[in-house]
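I have a structure I would like to understand better, so I am pasting it below and will then ask my questions one at a time.
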Amino acid sequence: KDVQNSCDERGIAIQKVGVSDVHLPFLIKTKSGSFQSVLAKIKLTVDLPQEFKGTHMSRFIEILSDWSQKPVSYREIGNMLTDTIVRLHAKRAHIDIHFKYFVEKEAPVSGLKSMLDYDCTFSASLARGEQLDFVLGIIVPFTSLCPCSKEISQYGAHNQRGIMRVKIKQVHGKFIWIEDLAKMLEERGSCQVYPLLKREDEKYVTEKAYENPKFVEDVLRDLVLMLRKLDGIQWFEVECENYESIHNHSAYATHIENVDK
Amino acid sequence: KDVQNSCDERGIAIQKVGVSDVHLPFLIKTKSGSFQSVLAKIKLTVDLPQEFKGTHMSRFIEILSDWSQKPVSYREIGNMLTDTIVRLHAKRAHIDIHFKYFVEKEAPVSGLKSMLDYDCTFSASLARGEQLDFVLGIIVPFTSLCPCSKEISQYGAHNQRGIMRVKIKQVHGKFIWIEDLAKMLEERGSCQVYPLLKREDEKYVTEKAYENPKFVEDVLRDLVLMLRKLDGIQWFEVECENYESIHNHSAYATHIENVDK
Amino acid sequence: KDVQNSCDERGIAIQKVGVSDVHLPFLIKTKSGSFQSVLAKIKLTVDLPQEFKGTHMSRFIEILSDWSQKPVSYREIGNMLTDTIVRLHAKRAHIDIHFKYFVEKEAPVSGLKSMLDYDCTFSASLARGEQLDFVLGIIVPFTSLCPCSKEISQYGAHNQRGIMRVKIKQVHGKFIWIEDLAKMLEERGSCQVYPLLKREDEKYVTEKAYENPKFVEDVLRDLVLMLRKLDGIQWFEVECENYESIHNHSAYATHIENVDK
Amino acid sequence: KDVQNSCDERGIAIQKVGVSDVHLPFLIKTKSGSFQSVLAKIKLTVDLPQEFKGTHMSRFIEILSDWSQKPVSYREIGNMLTDTIVRLHAKRAHIDIHFKYFVEKEAPVSGLKSMLDYDCTFSASLARGEQLDFVLGIIVPFTSLCPCSKEISQYGAHNQRGIMRVKIKQVHGKFIWIEDLAKMLEERGSCQVYPLLKREDEKYVTEKAYENPKFVEDVLRDLVLMLRKLDGIQWFEVECENYESIHNHSAYATHIENVDK
């Protein structure tokens, strides 16, 4: 007896059912035309019509195993969801893929290169016969230096690492590389962070941050201004969090916007 | 010079700005008329008009320090937000309070009592002159036993701990105690979990789960049926996640609903 | 048939068996003579002789439930372990209790009071007829300001939140209050952190940190000097971690020492 | 002025100083002769003589960046530490690398292949002129089924996912592949876990676990027996934790042993 296919009489169509907390290596396409092998944490779901008791969990793993072999980006995520819809006999499919993505950064003075890690997310939904709904998420670390502390103090100013959590949705067909988005975002802090800094670089970032004090509100506003102008932007969400060096809690700001074009 | 009050010319009213990751002891009112001292993790924010450069971060801590001394529930959360609106000269205020809440459970046969922990959230928003928007969140652990595994196997059936993440919003004035909500929810699994079980109890829960096999889809559907009937329910969100004993990932289902009345 | 008491023939005496990830409210005695209600995360274990197949898991929960009602400190932890040894017919018992503990801090200039959270641990072992082995652990946040950055830059200096993870073991009978230990430790950073700071306080902490630059190595060394002199100290372990404001990783130092007296 | 190289007069040689929480892609050599690209979280430290004020943090990042390009295993970790000792002018160097490693598993009946993730650690120390000290750590998920629950119940038995945390140290020159160690370890549970199971496989694992009930104590003892016989074993540490399906806490056992040969 196939229990999953047996009839259900509660009359409830389930919006999303599938697997979560699946870890797999994935290949993410890079701007340079190659791909990066990442550790992906994945949730993959479909809708389930009211007449079926259960979905077929093992098929999700088969789909993910297949796709973990091929370089993916915006377009392939759509194909993966189409594949899921077909193999699960579903009307809609949804995926969330979380991964650390590395981008090469050049130290500001010495020019030394090193790899910085950004936590990224591809969140996508697809309904049969409709356009792909794709949200790109990224967490970007930055340095923030407090304008009030600088203003009121004879010397110095408290500063700290902060993070921007940004999610964007562009119109169908538009896509921005993580490499490009990260670069635009991290310029909005008091200074960028780098994995590798030599003495001359450390002098540079220290002075740059001091010359460029920003509240969490300032960083948020500059991000909003920038994101409104992003090519094909439809919707965005921004969160900024400063891990205050003078407190054991964070300063926090957030903003969500549907962008009229 | 008061940097925060200086003028900002970017023309962006910030939706939410304040503090996050604040840890404080809080007193949560209990159904029995007393209160429970909990460890709260808090985010408190307000809107910031476009003409001001920054908010006053220290006031959030003062407000939270004051309120951490008084037993709170639905009504007091509203008062706390009113207080925040006044002291920050804001139009809107928002709070998220996460805490572990303990409810006494009786073992099913021996009747022995012990305390089970539930992760709870109060999420509330208030705009000047409007009604409080209040969402109660709770994570309830339960036992799930797989119907397919039971059906196809000569003996046994794989089972595991699962969790239900439930958020509910009731009409203004309606409020359900965590104690009552937890009880209604945990009856929807194959069996409830208990901190303290003696031999006779262990026999009971083992057999109860075996007699009551449920997919993650079944648990979700039974929760949906129950929540639709909850007194004054306006909106709910349910997530079920089974930490599969036969896999290293989870079976997952979720559903969101605006309830017409 | 009592499976746990059945005979085991593998000839292996288990060093520690019991329960972990138990969450319960606990009452921790305070320096002021009262107690603080905390959220405890507990591991409680005993040894198991080679001839027994299993321990009695439910008794651990009974013991913890009983003790969660009574204010505890150094001495009571010993009693709890004696109780565990008796009720489990064991030779040795071990406990780890993790909890956030709050201590009132006064802002340095305004004198305003607020509560700062410290992650604390009581780790204790007891063997029948022997003295209690007790290790107090505490994580203390602090501000660190980089001496190199200050030295090489025309203005400013990068600073950040850091944490000290300290564990200490004193000779039998000696005990230091968390309140006192936290105070001694947090003075070793470039500056202390506070939950609540007004403008005059912010000026103070900014300038204080700038006047007092310290590498992670400096903080560690000052902690070592201080801990060697602690009353009745036998052993200590220190870890310092700076959440660098200019990097996405930490600067780190650690040191362990048996102190000869 | 080179602040790090300036003289320190506190007379304290620091045991370990360096960087932590560094994330980088790393290439881990596989048994099959190839390598696997993993996401590594790294701590790298050296000793610091008492006469120096500070170490040179940026060199750690340079060393890690170089080594992140080359396939590594036991031997290369030693070379990386030698490199660190030379470039930091140190006497000792230590590294901890945490990563998820994937091993292909075949479903027990259908033979379908899928990738299972294991959390692994390479922890190594090297002193000038001495042999490499290398500890391999691995966390292996498994299914445990409770013998007591099976014995006392008319039907069924509670079961759950558990994890084994194993660390081993072999004599110099001996090395075991993660692939081989994982395989040996996961056979000690009531049943293994698999990412991909079809109906016939699910029947198999359900019945296999039911036929093979094991307390957390049983799993631990079987691991101890197995590890004592491991080729060239010098020392091991084992922790077993069952995420009980009937409780909201874990059953736990641990054992550490120096193996006489």
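Should a chain be cited, it is by its letter among A, B, C and D, assigned in written order, with residues numbered from 1 in that chain.
Assume contacts are C-beta pairs under 8 Å (C-beta built on N, C-alpha and C of every residue); 3 or more make two chains touch, one makes a residue touch a chain.
No experiment lies behind these values; they were computed from the predicted model shown.
Q: Comparing B-D against B-C, which pair counts more contacting C-beta pairs?
A: B-D
Q: Any idea if subunit A and subunit B meet via the same residues, over half in common, or different ones?
A: Mostly same residues: over half of the interface numbers shared.
Q: Could you tell me the distance, in whole angstrom, between the mean C-alpha positions of subunit B and subunit D?
A: Those two chain centres are 35 Å apart.
Q: As a quick test, compute the distance in whole Å between the mean CA positions of subunit A and subunit B.
A: 25
Q: Averaging over Cα atoms per chain, report the distance between subunit B and subunit C in Å.
A: Between these chains, centre-to-centre, one finds 29 Å.
Q: Counting only residues that touch at least 2 other chains, which ones in subunit A make the list?
A: 22-23, 61, 117, 148, 195, 197, 248-249
Q: Which residues of subunit B touch subunit D in their complex?
A: That would be residues 116-117, 141, 143, 145-146, 148-149, 152-161, 191, 193-195, 197, 199, 202-203, 205-207, 209-210, 243-249 of subunit B.
Q: Under the stated contact criterion, what part of subunit A meets subunit B in this complex?
A: My answer: residues 1, 3-4, 8, 10, 12, 14-23, 43, 45, 48, 53-55, 57, 61, 147-148, 151, 215-218, 220-222, 224-225, 241, 248-256.
Q: Can you name the residues of subunit C that touch subunit B in the complex?
A: That would be residues 22-25, 36-39, 58, 61-62, 65, 68, 100, 102, 112, 114-115, 117, 195-198 of subunit C.
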